[in-house]
Amino acid sequence: MSMEDLYQEIILDHYRKPHNRAPSLEDEDVHVHHSNPLCGDEMDLRIRVADDGRLDAVVFDGEGCSISQASASAMTVAVAGRDLKDALELAEDFRLMMHGDEPTRADDLQDGVAFEGVARFPVRVKCALLGWMALRDAIETYERGASAHSVTYDD
Amino acid sequence: MSFDPATLRKEFPTLQREVDGRRLVYLDSAASSQTPQPVLDAMAEYYEQLRSNVERGVYRISEVATGRYEQARERLARFVGAPATDGVVFTKNVTEAINLVAYSWVRRRLGPGDALLITGMEHHANFVPWWHAAQDQGFELRVVPITDGYELDLDAARALLADGRVRFLAVAHVSNVLGTINPVDALIAMAREANPDVVTLVDGAQAAPHFPVDVAALDCDFYGVTGHKMCGPTGIGALIAKPERLEEMPPFLTGGSMILDVSVDEVTWNHPPHRFEAATPPIAEAFGLEAACDYLDAVGMEQIRTHERDLVTTFVDALRATEGVTVYGPLDAEHRSGAISFAVDGVHPHDLGAMLDGYGVCIRVGHHCAKPLMRTLGVNATARASLYLYNDTDDLAPLLDGIAAARSLFAR
Amino acid sequence: MSFDPATLRKEFPTLQREVDGRRLVYLDSAASSQTPQPVLDAMAEYYEQLRSNVERGVYRISEVATGRYEQARERLARFVGAPATDGVVFTKNVTEAINLVAYSWVRRRLGPGDALLITGMEHHANFVPWWHAAQDQGFELRVVPITDGYELDLDAARALLADGRVRFLAVAHVSNVLGTINPVDALIAMAREANPDVVTLVDGAQAAPHFPVDVAALDCDFYGVTGHKMCGPTGIGALIAKPERLEEMPPFLTGGSMILDVSVDEVTWNHPPHRFEAATPPIAEAFGLEAACDYLDAVGMEQIRTHERDLVTTFVDALRATEGVTVYGPLDAEHRSGAISFAVDGVHPHDLGAMLDGYGVCIRVGHHCAKPLMRTLGVNATARASLYLYNDTDDLAPLLDGIAAARSLFAR
Amino acid sequence: MSMEDLYQEIILDHYRKPHNRAPSLEDEDVHVHHSNPLCGDEMDLRIRVADDGRLDAVVFDGEGCSISQASASAMTVAVAGRDLKDALELAEDFRLMMHGDEPTRADDLQDGVAFEGVARFPVRVKCALLGWMALRDAIETYERGASAHSVTYDD
């Protein structure tokens, strides 16, 4: 377990130059807020769904460590344009990877696979998952017909 | 491997010692059990390799210690057959576990017109918290009486439940004085029949160490255990609860780790079980308790029960056959665990205890924190010998010798 | 013997280990200290030689264990300069000690129209119990603000006390985040001036381990300590009280050992401190805590303070001299203890903590259970390095190296 | 520490055939009740004081172990006829003996000296003291001008 396993260059790139980071989204369908007060992490995720049921736009904003921010950034890229069911499945693949499984859709996860090493740092798994869990929640909120949801994690 | 107490004893350091040149015969496990080497090793591992605080440490030793602490929760859940790890709250002993329920559930929900049902053979730990809450909140305390055969009077219990006002039932799984194994499943069913919303707590302090417990099958809302009676360390116990009960409870002890957010205006409680574990928990003790569960399961809880059932029969028969000795407790071995209370004619229990000490025999004398039961028995104190997996028939002779010596000294 | 941390370290097993081939540099003693061998030996003595329950056992090993348990009470009283051994109540940690006071004194005596004064730098343990009680009982919670120099604003405190309605004062002796040593004697005097009947509690969790504490001189009503931060074991803490305060308090946790008599109609509480020690106490832990007091006094509390004061100055100076590092906390070394909170520009504390772990350095990152203070500081989290007797300047380089590495990785 | 140190023949004699054991006392001046609920010990002590200020009669009744009962019996014999101050001093001598001191008035303590060995059994010290503490309380109660007092011990 070395620091290089954790902080790969791909991760640092996403951290330094995040993709799809924005405080608002025009015509947003859903806005979810996820926070982990115990870490001080905050994540706002906004999605817009196209008429054909695909993720038209996914943007995040928030505060947190490099892992949480970079993972959210990589996530927005990986799920862009996917239909909702597919995006949920990809989120599940990522989640399982965080619990030590081989990812079955490494190509689709794109830069997300760079986070595989995080699985070996149990306290950081939650950081890497924050964006993906917010996405899942946003999609489920959309499917319920709601437009906003807020989640607070415990330890 | 056959069950061999003499071999098992080798793992219990205090049992290796002598007192005045005599082998220590420990017959006080109902007060506190001995602790086997693997439990001590687990605690040493924490102190020697992983000494740090748990929860939220971002460095390795703290992460590993945290993982082990949470693993202990899982292990205990499995040990008592609890379906949900999230229902396991670590406390300092079973008394704190019961108080937690008294403060966060009973005191906030029971009031005038309500009743709480306990039994006449409860340890003070499962009596005084309810009594104190009843005083403050104005609800009624009802007590299931005991039959002449030292068992719960279920007919009387049915009558006490009949008006449907019993909203909470608290009962010992096993009496620490009489050894009686109570039919808690029947009592819980009876209470539910009278009031489907009744909430139930089983004090498992004397049960979990001695036979397989299946909390899911009992279907009680709360089950309490204490580490130091089940081959574990001092300083730890647990409340095992249905998660939905914990969800509806405000915290009891408050402080660090049990909140999500705090400002001067607002506090957001953490989710269970963390909501009920303020502050730095008993970390080394959780390591020890996990190892105790492993140890007991490796020996085999079924085998421990069988051994104790046979051994208690031998002891009770021998005591009953001894002139001047009265044994309190059920005769049916299937209904009794290894705590044997008795009296010796003409010998005060204190003198008996002191006398036995001279024979290297450790028994407990006194009221055993069960004064209401003592009143029912019509005594101030009893002598109590209690058995565990490391006892065997070798321990009987020193006990009988000491009793005989006491009788010849005092009762002539 | 001169004070030599490198020699002292040899007695702390976890400090002997390596992580990834690097020496473990433990800078998290404010969360939990390391435990020296004599403390582990004392606990082993209990488990290996004297394993039994305490109080009222009539056999030798229980008598000896009871004597040692009570001796630990005496020892702790002496360690903190408490005049009365009867004022020492063992709890599982300082959080329980504070909750005991919240439940048995504050909740029963404060109500609408009354105020309770705390400070803006309290640990949740000395904040949430009062907040919760205030919610339930309708009294007012007032908070002494903090100056730009990270000290208590005593002028503001005077103003908050002026109307004489503050009936209870609860204050940290030392801040676990800022390291500030608070002038608790001045604050207590000020509170007494405004209301001679004010009752006072000092949270000594971060003080008792680090410098000589003289509870008699402070003349506070309650003083809390926690074993695991003072070279002692997990699972034990204590409330040190004026006996007359304890006399007027009903019990908190109820059960065995804390009553004199029990019937269904009436319960007679035992006298303090036993009234507040229901059930089987943390016995092994009391053995350990006694040994911890012996150990600390043998090293010398004055010497520990001098060492830490010098070392913290070295650390703070070095950190302040490091580009991009901000240190939170008083600059005057006489007003600060060994907890150093800091931020590194452009590096999230979690990343910093993880990075340092790679250098074998253990620090804490997060809100340190002091969210209200974090709000005042305007941050979500800080990094905190905290020092103890076994740290020395050898521990500085790995810290600075890790910070530099983190900056070059994240902050470019 | 052997049992013979504790249970000397003198002690057993007092236990088996207690002196001045009675449930009542004619013309009693003071009646005190001492109990140690944790042990289940109960002690009723009654005294009558003569016109010249001497202990005219001391009787006890109670329940408890051999040590507590025998010690009370020996006490009633040792203090009979003493003036109150002297009896208090003797009680103090006995108390100190229970804490390990040599008795300074061994002769006056009479059979009370047989209890010296009890000092080595800390949990039994309270038993040996029960009668003596009741006596002290009875005398102090008398001196306060009261006629009854009740004391409950903690552990």
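We just call them A, B, C and D in the order they show up, numbering each chain from 1.
Just so it is clear, contacts are C-beta pairs under 8 Å (C-beta built on N, C-alpha and C of every residue); 3 or more make two chains touch, one makes a residue touch a chain.
Please read these numbers as outputs of a predicted model, since none were measured by experiment.
A.B. asks: Return the chain whose centre of C-alpha atoms lies at maximal distance from the corresponding centre of subunit B.
C.D. replies: A
A.B. asks: Quick check: how many Å separate the C-alpha centres of subunit A and subunit D?
C.D. replies: 80
A.B. asks: Nearest whole angstrom, what separates the Cα centre of subunit B from the Cα centre of subunit D?
C.D. replies: The answer is 39 Å.
A.B. asks: For subunit C and subunit D, let me know how many angstrom lie between their CA-based centres, rounded off.
C.D. replies: Chain centres of subunit C and subunit D, defined by C-alpha means, are spaced 47 Å apart.
A.B. asks: In whole angstrom, how far does the Cα centroid of subunit B sit from the Cα centroid of subunit C?
C.D. replies: Result: the chain centres lie 31 Å from each other.
A.B. asks: Going by the contact rule already set, what residues in subunit A reach two or more other chains?
C.D. replies: In subunit A, residues 1, 37-39, 121, 124 touch at least two other chains, as defined above.
A.B. asks: Residues of subunit C that contact two or more other chains, please.
C.D. replies: As it turns out, subunit C has residues touching two or more other chains at 56-58, 60, 257, 261, 350, 354, 366, 371.
A.B. asks: Considering only which chains touch which, how would you classify the arrangement: line, ring, star, complete or other?
C.D. replies: Graph shape here is other: it fits none of the named patterns.
A.B. asks: Can you name every pair of chains that touch?
C.D. replies: A-B, A-C, B-C, B-D, C-D
A.B. asks: For a test of understanding, state which residues of subunit A touch subunit B in their complex under the given definition.
C.D. replies: Those in contact with subunit B are residues 1, 37-39, 121-124, 152, 154-155.
A.B. asks: Which residues of subunit C touch subunit D in the complex?
C.D. replies: My answer: residues 55-58, 60, 63, 66-67, 257, 260-261, 268, 270-271, 274.
A.B. asks: Can you list the residues on subunit C that touch subunit B in the complex?
C.D. replies: Interface residues on the subunit C side: 12-14, 17, 19, 24, 26, 28, 31-32, 34-35, 40, 43-44, 47-53, 56-62, 92-96, 98-99, 102-103, 123-129, 131-132, 141, 143, 226, 228, 233-236, 251-259, 261-264, 267, 278-285, 350, 353-354, 356-357, 361-366, 369, 371-372, 375.
A.B. asks: Over in the complex, which subunit A residues touch subunit C? Could you list them?
C.D. replies: Going by the criterion above, the answer is residues 1-3, 6-7, 12, 15-16, 37-40, 42, 63-67, 121, 124, 127.
A.B. asks: Can you check the complex and tell me which residues of subunit B touch subunit D?
C.D. replies: So the residues of subunit B in touch with subunit D come to 20, 348-351, 354-355, 358, 366-367, 371, 374, 379-381, 409-410, 412.
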